[in-house]
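First chain written, first letter: the chains are A, B, C, D, E and F, and each begins at residue 1.
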Amino acid sequence: MSKSLIIINPNSSTTVTDGIDAAIEPLRSFGVPIKSLTLAAGPKGIESQRQADLTIAPMLTLAAAQADAAGYVIACFGDPGLHALRDQTDLPVVGIQEAAVMTALSLGQRFGVIAILPASIPRHLRSFGAMGVLDRLAGDRALGLGVADLASADKSLSAMIATGKALRDTDGADVLIMGCAGMAQYRQLIEDATELPVVEPCQAAAAMALGHIALRQSHRKTKNAV
Amino acid sequence: MSKSLIIINPNSSTTVTDGIDAAIEPLRSFGVPIKSLTLAAGPKGIESQRQADLTIAPMLTLAAAQADAAGYVIACFGDPGLHALRDQTDLPVVGIQEAAVMTALSLGQRFGVIAILPASIPRHLRSFGAMGVLDRLAGDRALGLGVADLASADKSLSAMIATGKALRDTDGADVLIMGCAGMAQYRQLIEDATELPVVEPCQAAAAMALGHIALRQSHRKTKNAV
Amino acid sequence: MSKSLIIINPNSSTTVTDGIDAAIEPLRSFGVPIKSLTLAAGPKGIESQRQADLTIAPMLTLAAAQADAAGYVIACFGDPGLHALRDQTDLPVVGIQEAAVMTALSLGQRFGVIAILPASIPRHLRSFGAMGVLDRLAGDRALGLGVADLASADKSLSAMIATGKALRDTDGADVLIMGCAGMAQYRQLIEDATELPVVEPCQAAAAMALGHIALRQSHRKTKNAV
Amino acid sequence: MSKSLIIINPNSSTTVTDGIDAAIEPLRSFGVPIKSLTLAAGPKGIESQRQADLTIAPMLTLAAAQADAAGYVIACFGDPGLHALRDQTDLPVVGIQEAAVMTALSLGQRFGVIAILPASIPRHLRSFGAMGVLDRLAGDRALGLGVADLASADKSLSAMIATGKALRDTDGADVLIMGCAGMAQYRQLIEDATELPVVEPCQAAAAMALGHIALRQSHRKTKNAV
Amino acid sequence: MSKSLIIINPNSSTTVTDGIDAAIEPLRSFGVPIKSLTLAAGPKGIESQRQADLTIAPMLTLAAAQADAAGYVIACFGDPGLHALRDQTDLPVVGIQEAAVMTALSLGQRFGVIAILPASIPRHLRSFGAMGVLDRLAGDRALGLGVADLASADKSLSAMIATGKALRDTDGADVLIMGCAGMAQYRQLIEDATELPVVEPCQAAAAMALGHIALRQSHRKTKNAV
Amino acid sequence: MSKSLIIINPNSSTTVTDGIDAAIEPLRSFGVPIKSLTLAAGPKGIESQRQADLTIAPMLTLAAAQADAAGYVIACFGDPGLHALRDQTDLPVVGIQEAAVMTALSLGQRFGVIAILPASIPRHLRSFGAMGVLDRLAGDRALGLGVADLASADKSLSAMIATGKALRDTDGADVLIMGCAGMAQYRQLIEDATELPVVEPCQAAAAMALGHIALRQSHRKTKNAV
């Protein structure tokens, strides 16, 4: 049986998982099976570093249980447990934030990030600093919607477009990153409205992971790390 | 009853905790009680990002149980759970790695880090990148000792001094950071041998935390983060 | 007789010195005497690099005359003579700008600076560049008040709050630094109005210096530098 | 007829083109035809910025002539004409240097580059600066071989391994990039000898380009740029 | 016969060449002849990386034909072929963009760039990244004029002044760079209107080149690069 | 009477001043008189930040007394009082360190600095950080000579060449800066021995200042700064 790319959604929302699975549909033609899993132990949504960190233990367990894994994608923008899972396995492990940034850097000179909540911006900045890519960051802006409005597809899309335009016009972004998993259905609409390339992070991560799998390309696991 | 600064050693070694407690002894004159706790659920030592991340959940629980806390120090070089704990409390929370770096930056122009194990260097670099201080890093070098040799105080001290001299002479460090908790007894000896200031991270963190407590200075907890 | 932390206000305003002395009052509980001195030879206020540089010679003389010094704080945002005094003594020497930045870096991801005058911003930027912390700078904004308005406590406070909010909302700061000595009485009010942590630089510097003194932590004086 | 990924080797060596074509063989399973073309007008090898720049005009012509192109890879480490071709087409255009770096950044914290000739290092550094990734660069080292020795597979491989080990041991690289096209046959051998992941740039670029094609992901061509 | 500084305008507009020649008039007093040449094979104006790159081959030929050259200036903001020409000759070669930036860095702390077209900004940013000077960049803003309006001297000047003020007031620039050759007649007017120093890049480059010539200061040509 | 470029040597050694005056001889052909002055109140040599800072007050007085000044060069590597003098006059003011760096950045991709004494390296690094050019620094190395050996021209030259070669071979410098005034007589010899371009800072500064004077190019003095 062929091994699969395992995508783990570390929140417990199957709606998000379904959205991720739809997002990566165009990559199924590459011939490697892709499975999208939901972390039942995760929170409904990940809105703080604390929530993100608390998904790591169950995510590592879920990952370890996938006997047919050819590689992993951790599908939360924030990449919780990315390096912990790399300590646990020498299969390819891709974080959607890291992959989105690396993809965006090949599509424009300065990337803008559409964040859902303002509180996630300091977390993003810590990550971009750890990645060493702050010279390429145009800006990171939140939608400015309350929880109720986020439930509305129309309001979310409008806010994403408005945020993308602010990143483009005020901050000078020439490529955008959607700072959240599970919203790939808006990618084309934001591209059309902003006339900028838009990176959907789960797509970027799955594409990168499939490349790693085909090329037998992976990190080196720290010896005796587990 | 007076509130206390709580220092949490996230590994399970009471020897390390005792060393931390001795290290901060000179700061007891400041008049704020300081308690050093051991995370019983932690590993014997923290040698990977995976081990570090897995201490976060029990550390958060232990921290939450300290009713008399005036502030916290997380005493593992790597600062596991630093931002998660800041999401959980609005009391001051100081990580020993962050505090050691900020202290070193006021004592020299380029800091060198004495790491215990080579595998921790990429983790350090991710943190220094997130802190935005890589322009001030002279180098990060590991002792080059096996586990058996690390158990020998003589061999450890010799290796720390040799590493400090390499950081000074080859990498251009003019201040050193001990990249590990619980070894404060060597600080003066390394200072004498290298003629450079040496920052012991638990001391640096406790001093910073006591300042924050006296000045009622803290981060702002993300709203609804817990 | 117990040695003292010496704080030198390098301008000649005793009002400013009194403000500094009040600001560090909460740190007197640490048990180390703190003396706040005025540099009689200094200008009324320091508004240019030229004025700052001209305080160095008399400041060095004043510092050298303090027989009971346990350490020094140079209390001008701009840190004039910081490294010159470190060449002169191997006691701890802390600059309020440097200490404020290092403190802010442990309280938020991007710091904003409330400058009094626009002309000081290039000086600040040179310092932040020398410190290697520009990746963490959100912005540096001046109050936009004329000299007459600066004499009004009400107008100053309003402008500081408005500037803090601009740093937060336009520049993305999540921690603020007051870019001037002697205004600690406004710290809490700015914190309340902006809901951000605010670092008062004299407090930050005195706390850091007291930690250095307790821990016998200092730079290494250049040999034969004097 | 299905559209193809077009890989252009901008030097005139068909041996190099054949090596590139073999390198990307594992990616043919993705289902998109891949054609490797040789730039007949190119020099035998590209050893200077001048030679690189002079390939751009004929490369743009060759690229424009590929009616069935689904995307392009420019297969010279140095990415000559990368942005010029992006001005000419809105199909995906990937440079092997850029793709190699972005891939390496997801496999280790600091990348080392195995350069063929010392004269190419300043060119690399200009590119890495333009990419904004210098904080992640461990080192860039040349093989130190003369032209005659470069013709020997044994000597080349030995020098690549020695250079990789120097990048790892002296410079702290934890991932390596082969700084040249057409040498993929050595990738596994260098990985085995250095125990580090090794990125072959043509593989990295082709994988990235195939992802872009599948996801309909591209830059936005500057309007009226041609 | 005395050797000359050769300035090459890589577009085919003799009006631009005449403007460049007038701009450097004050430097003729230095005693070195200065010749301003037009690249007949160049486009009317250079508006994309593609156009810039395509000037390199004929520019190198034109440069090689100047038997009496004492040094070269490439007079397009974007410095096309700068390093290629340095590979071809060991006479001094100065690019107007590079020289303008280096000059601006000695006149203010943060430079702002007045770009003609928005599409040139990503190109500028790649160059500033390669130069390693992004920490000093305040902003890069385009005039926001259409082609018709650019033909109007009045509208161009007004837009340049408005852009300069935005760079000063919104972005914090304290020195401005004119991001285009051939507009030196506006320099003084922009200085007067913005009260900031303004660097005209052809002037900056010619001054630097004359210094290099007098001091016999040049790069070292890569051996065998041609 | 024609105005002059004033070069101030802030140490009291007329031998050094004579060396500076000889160094800029080739620039006298530019037609602007150049006067080299010695700061009688300066120390014999400047070996610490403290000594450097203490030259500022008398240097400002000396500069103010030059009625025929067309511009100034401060001829100490460290640029003491550079910004203070810019506050005092709106004539061009050039520091030799700043000018040397800006010149070197146009001659190579990574500059190496030949420092006289190890204690000056942290000072250099602070300056390079303030200039924002650390990404271009290859290394900064001291001669390793004692005071007695520094008096020997042969030993000094040998040490400068050895240091230059170490900067080239170990640190990757492709352009060198002499980190001291008054040693221009060695420039050509170091160039010949290292086969790298060598920047003598007084030459670089005088050339830049003459360009500024001819082009009426200067900083804007802070209003009311004096």
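Following the convention adopted for this analysis, contacts are C-beta pairs under 8 Å (C-beta built on N, C-alpha and C of every residue); 3 or more make two chains touch, one makes a residue touch a chain.
Just so it is clear, the model here is predicted, and its values are computed rather than measured.
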**OP:** Could you tell me which chains make contact with chain A and chain B both?
**Re:** C, D
Original post:
Which chains lie in contact with each of chain C and chain F?
Top reply: B, E
Original post:
Hey, which one of D-F, E-F or C-F is the same interface as A-B, over half the contact pairs lining up?
Top reply: C-F
Original post:
Is the number of contacting C-beta pairs greater for D-E or for A-E?
Top reply: D-E
Subject >> Most widely separated chain from chain F, with each centre as the mean of CA atoms >> reply: A
Original post:
Where centres are the averaged C-alpha coordinates, which chain has the largest centre distance to chain C?
Top reply: D
Subject >> Mean-CA-position distance for chain C and chain A (Å) >> reply: 41
Original post:
So how far apart, in whole Å, are chain C and chain D when each is placed at the average of its C-alpha atoms?
Top reply: 50
Original post:
What is the distance in Å between the mean C-alpha positions of chain B and chain C?
Top reply: 26
Subject >> Numbers and ranges of chain A residues touching at least 2 other chains >> reply: 108, 126, 129, 131-132, 134-135, 174
Original post:
Which pairs of chains touch one another in this structure?
Top reply: A-B, A-C, A-D, A-E, B-C, B-D, B-F, C-E, C-F, D-E, D-F, E-F
Subject >> Contacting residues of chain A [partner chain B, same complex] >> reply: 47-54, 56-57, 60, 81, 83-88, 119, 123, 126-127, 129-132, 134, 222-226
Subject >> chain F contact footprint on chain D (complex, rising order) >> reply: 121-122, 125-126, 129, 134, 140
Subject >> Touch list for chain F against partner chain E, complex >> reply: 26-27, 29-31, 94, 98-99, 102-103, 105-108, 131-136, 174-175, 195-197, 199-200, 203-204, 207-208, 210-212, 214-220
Original post:
Which part of chain C faces chain A closely enough to touch in the complex?
Top reply: 108-110, 135, 172, 174
